[in-house]
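A, B, C and D label the chains in the order they appear, each numbered from 1.
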């Protein structure tokens, strides 16, 4: 009798634990959606799956680290290291080269009045307190004349590192990561330069996760390398001479490149 | 079952190997009593069902010094740490405290055959086929015993049907005890040599208890410590020795012979004498 | 079609063309179909289709079950090391380990369902369990652990490139992953138990002095030996499969230091196993077996099961690989590493063979013959079906899921 | 999109959980249980009123009493009749499953002429024509497996009406001729190869007296009887008579043979003793033992009717051979019978329930009822010291188209009487005679014949009539012993000796065949057992298939090695001693 109790007790405990585990994670998942954490979590779940070369810490660009892999999923708001380094010497203090002043790198426009996200979206604070969000020059050239664009509905909420909008181009389904938290107040198709007008949470743009000033050049330099190796079919040398100015529609000039692979490389999709 | 709870007994057997002529009447009576189906043509000595099985043993010597004896092997009704009962995953094997009989419940058997692996006497049999009888022969089945289906294990249960019948008779007469000899398994009744004695081992007056105590009695694989309730009796020392020896003794391989002959080719239910 | 195929594959890794893949799976599919036919015969016509009999109540299937479950132990033990003992390096193989574990266990359970005479009654064990039977323990643990493996499999599937586009899947996966240590813990507990029970299965056979062992509490010594041996073999098997997969797919899948690490773990566990196994064998020869009326020498007097089998089990397939795996220099050379791992796996298989087959082959009745047994084609087919099923499931998982996270980095 | 999916998940999860609280899953479980527990297609025993019916076994001459446990009127199991004077409440294995015989595959169910089914009338006319067509040199023979029955009487009467006819019997149907054996008082039996403990006389009677007598088995093969005998004297095949002679000399104290001397000592120490199983020399030995006509020895029986042995029918003389094969046991070797037939178009008629015996060689097959399918009789048991008679009422309903052998012969003879009529007459005769007593099975009581009002009815209810006065001391005719030809010696061509292994399993129920085969208790009929050494010398291995060749022909066998067999000998089921050779097939 006792043995029955012990044995079956154990067995049913195990079953209880198992079902509890599953139930709990289901419940938590639902919870995440309710408190709008889902998008962030998606990014967190995605980040570890990115190849190491895509996960470098921004402070590697500025040479503060020889090698460092980001462990905060590019959310510098939570990163002590970042805070410390920034406190040490604010990025704006960094000396800028002539070209950088004009905001041109490899013949690509990178205006310095904007903040750049690692996913190639920029955020541009407007006088009216809203922030316009658009694709930077590199991103724009990759998806030039997209086959389709899927913008969020006005009034919907986007989160830093969450999907802001979707662009489809030559079989590549690209989700652009949002550079900020906020409510979408307006959308447009890029002819006036931006895709979203966003009313940032907390009234103003939190720029901590975003790149600016001196960081941009080394970052773009790396991005170009990655782009080249992504474009180069296996075994071939990169086709774009260093410093060569990318054409307006890269896709067009690389008809046989696996565009999905290229885009996911640049837009941080595992 | 009877309304009256019967007086506990510990049924056992004593088999006189010096009287057993190996005629096989016990096997046959057993099969008839317990509705064992005839063999499929494909059945072999190792896939057939013989709750009671008479082995021939020999002293391994060569002619003319050779000696042989017959040993009927049935479920030995182990009384302690019953190997098969302990291992059955779903209590399809039960030892009846009132009789000491180890009973197999085919209706509950999963057919995992773990009990067969556990039984040192190979006294358990698996239904490898759907049971089948020649047309009309199923009308000769014993109504007191249910037939078994394919995929379950079965074995000797000291003719449970007969025990129930005897008990209800006794109950009808308001007795809670069975007279000695009122309940005997079919093999005991059928043995032409009266070589098998059956009864309550706990009743010191019973013949079986007397034989069990006898110095010339032994049990097979006694050292396993499972307290089998089948005793074998013989005055021939070599038989006792052969039934207890280490294996393989340095005996010629042809000892294989009688323990189970290959099936005569192409003879299924066909009578061997005409095969 | 090829488009869908390529969109299901993880990004940034190269996989064979649809055509190559088709050519690869076709033969396995054929094998699976053939095997299922054999299994079907056994289910429809009954077990008379096998060569098992009243003496050889267990045959090829039980042997295979015990072996694959021992090899599948890699799943639980790697999980245990990764989530409980926090051995981060093993993250590189954990997914593969889980899939292999799932394959082994589901395969074993499938084979068992064909093996029992009345498959429709499988649930009887849960209905009126005999808690004193090792088989009950096995049934309960395995069914539970299979569930665990299934749950552990889910996140890997949800991370598939297409599925991950569904946010709710990704979020659920994330939350589930956070609780993975719990599952790993439960899994470890269960595995320890049923690996043990599988050993107990034979250790408790007091009617079979060849298998019977004394033990502690309700568990015979084989209970503990099986746990240890399984834990030792699991990593070795993961090692082998990983190497095999990277050879077949022609890519590096894990960093070079991972395989030797697995080898080292296996070696470290082998040593105590061999030690205890030897002690256990000596005790058995010296007292356990004789006490039950069987001098141990006689077991090895039956051809072909001579004393060589003991030597092979303990020295050739135990001590030898253990020594190889414990020497860094040998461990680092793939040839040594792989041959050692192979030996370990063979050793486990041999050990399980001895307990399942030799135990039944040896006569217990003094006048009973030694029995031999060869599986029928239906039995073999059913076994092959399990193999094919495993290969297929693994192939698809490897093609469409991320089994080796490091592959992406290593591939460029 | 995501929303609806989540809804879907919730819905399925919820409904799954909800289902648990409905009876559905549980009833499903119950149903699977039910399904798996009464597996489809498994025959279930029929239930009904349990009754006990009695009959007498006619499978062999022992005439054992049978108590049948019946459901309704169908027998489900057979057992001995406690207290039965002849069988002592015991049945042999074959008798235990007599009620299965009707279900054997190889039984005859309709008349055949030249292998084609015909109506019985057609067969009758055919056979009558054949008999009428017999030439002056051709005889009509009826082979009667068990002379001394009412049926035998019918045959004799029929044959008496024919110019040239012979009523004959197979060898050894009356092993002790005019004598019965007073086993109850015997103290020693010297058996020359007789299967004393393996189906000799009636097993019940033998085993009941086993404790009273010393058993000496003189036999080349280590048979079942030899293995349980008090003394086994292995002799060379064919040299039994020499040994018998040696024993005879030893009884007078003059011999060198130590074995013989020992045997003689045992015989002298345990008197009365008898010698059985053999030939002239054995008869002479009995004379020496003075075992004839005295208690504990051979007692003459009055109801003995001498009958020609088939062997002594001249070869090539039988034009129409009618073979009755209702008795159990294996059929006669066909070549023995064929030799008796005339060369051109002989006609063979088989009155048999079996298709696989002589029926295979018969021009006409008249299907006979199987044991327990028709009213039959059991005459005085073989070896019994007292005259006896009992009826064997049918317990099974016979299929149509069967004709009891006696019935068939009656119709050949255009006799209006039926077989039961003949049996009635026999019972009436016993009643009229008034001697002896009747043991009735149901109450296990004996009563004098004249005290029984309706003997026929009593007999039908299960009873045996015994007439102790049927036997009594009478001067024994000293049997004339012609010395046996010397035992066959191996020749270069036939280096080995063929000897009979234990007697073959009788024609049995499917169940019996199964059990014998699966337990290996009886050797298959195609087994040839040789000593391992002999086998290897002949280039054979255990389990080989081989061909045995002897002067009387060749047959396929399966070789079995057994150290218990005499080196240089081949043990084959039911074969006569002869030189032979064996080679791998």
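Keep this in mind: a residue touches a chain if its C-beta (ideal position, glycine included) is under 8 Å from a C-beta of that chain, and two chains touch if they have at least 3 such contacts.
Model, not experiment: these values are computed from the prediction.
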{"item": "Chain pair showing more contacts of the two, C-D and B-C", "value": "B-C"}
{"item": "Closest chain to the centre of mass proxy, which here is the mean CA position", "value": "B"}
{"item": "Chain separated most widely from chain C, comparing mean CA positions", "value": "D"}
{"item": "Separation of mean Cα positions, chain D and chain C [Å, integer]", "value": "60"}
{"item": "Distance from chain C to chain B - Cα centre to Cα centre, in angstrom", "value": "39"}
{"item": "Centre-of-Cα separation between chain B and chain A, whole angstrom", "value": "79"}
{"item": "For chain A paired with chain D, centre-to-centre distance based on mean C-alpha positions, whole Å", "value": "99"}
{"item": "Residues of chain B engaged with two or more neighbouring chains", "value": "44, 48, 55, 130, 149-151, 256, 259-260"}
{"item": "Touching two or more other chains - residue numbers and ranges from chain C", "value": "118, 121, 124, 127, 129, 132, 136, 167-168"}
{"item": "Junction residues of chain A, two or more chains touched", "value": "none"}
{"item": "Residues of chain D defined as touching chain C within the complex", "value": "2, 5-6, 29, 32-33, 35-36"}
{"item": "Touching residues (chain side chain B, partner chain C) in the complex", "value": "40, 42, 44, 46-48, 55, 57, 71, 73, 81, 83-84, 86-91, 108-114, 116-122, 124-130, 149-153, 220-226, 242-248, 255-256, 259-260"}
{"item": "Touching residues (chain side chain A, partner chain C) in the complex", "value": "3-4, 6-8, 11, 14-15, 17-18, 21-22, 24-26, 28-29, 32-33, 38-39, 41-42, 44-46, 48-49, 51-53, 171, 173, 229, 260-261, 264-265, 269-270"}
{"item": "For the chain C and chain A complex, residues of the former touching the latter", "value": "3, 7, 10-12, 129, 131-132, 136-137, 140, 144, 147-148, 151, 159, 161, 164-165, 167-168, 170-179, 182-183, 186, 189-190, 402, 405, 408-409, 412"}
{"item": "Partner chain B, residues of chain D touching it in the complex", "value": "37-39, 41-48, 50, 71, 74-77, 79, 90-93, 96-97, 99-100, 102-106, 197-199, 203-204, 207, 210, 222, 224-225, 227-228, 232, 234, 330, 356-357, 504-527, 529, 531-533, 542-543, 558, 560-567, 573-574"}
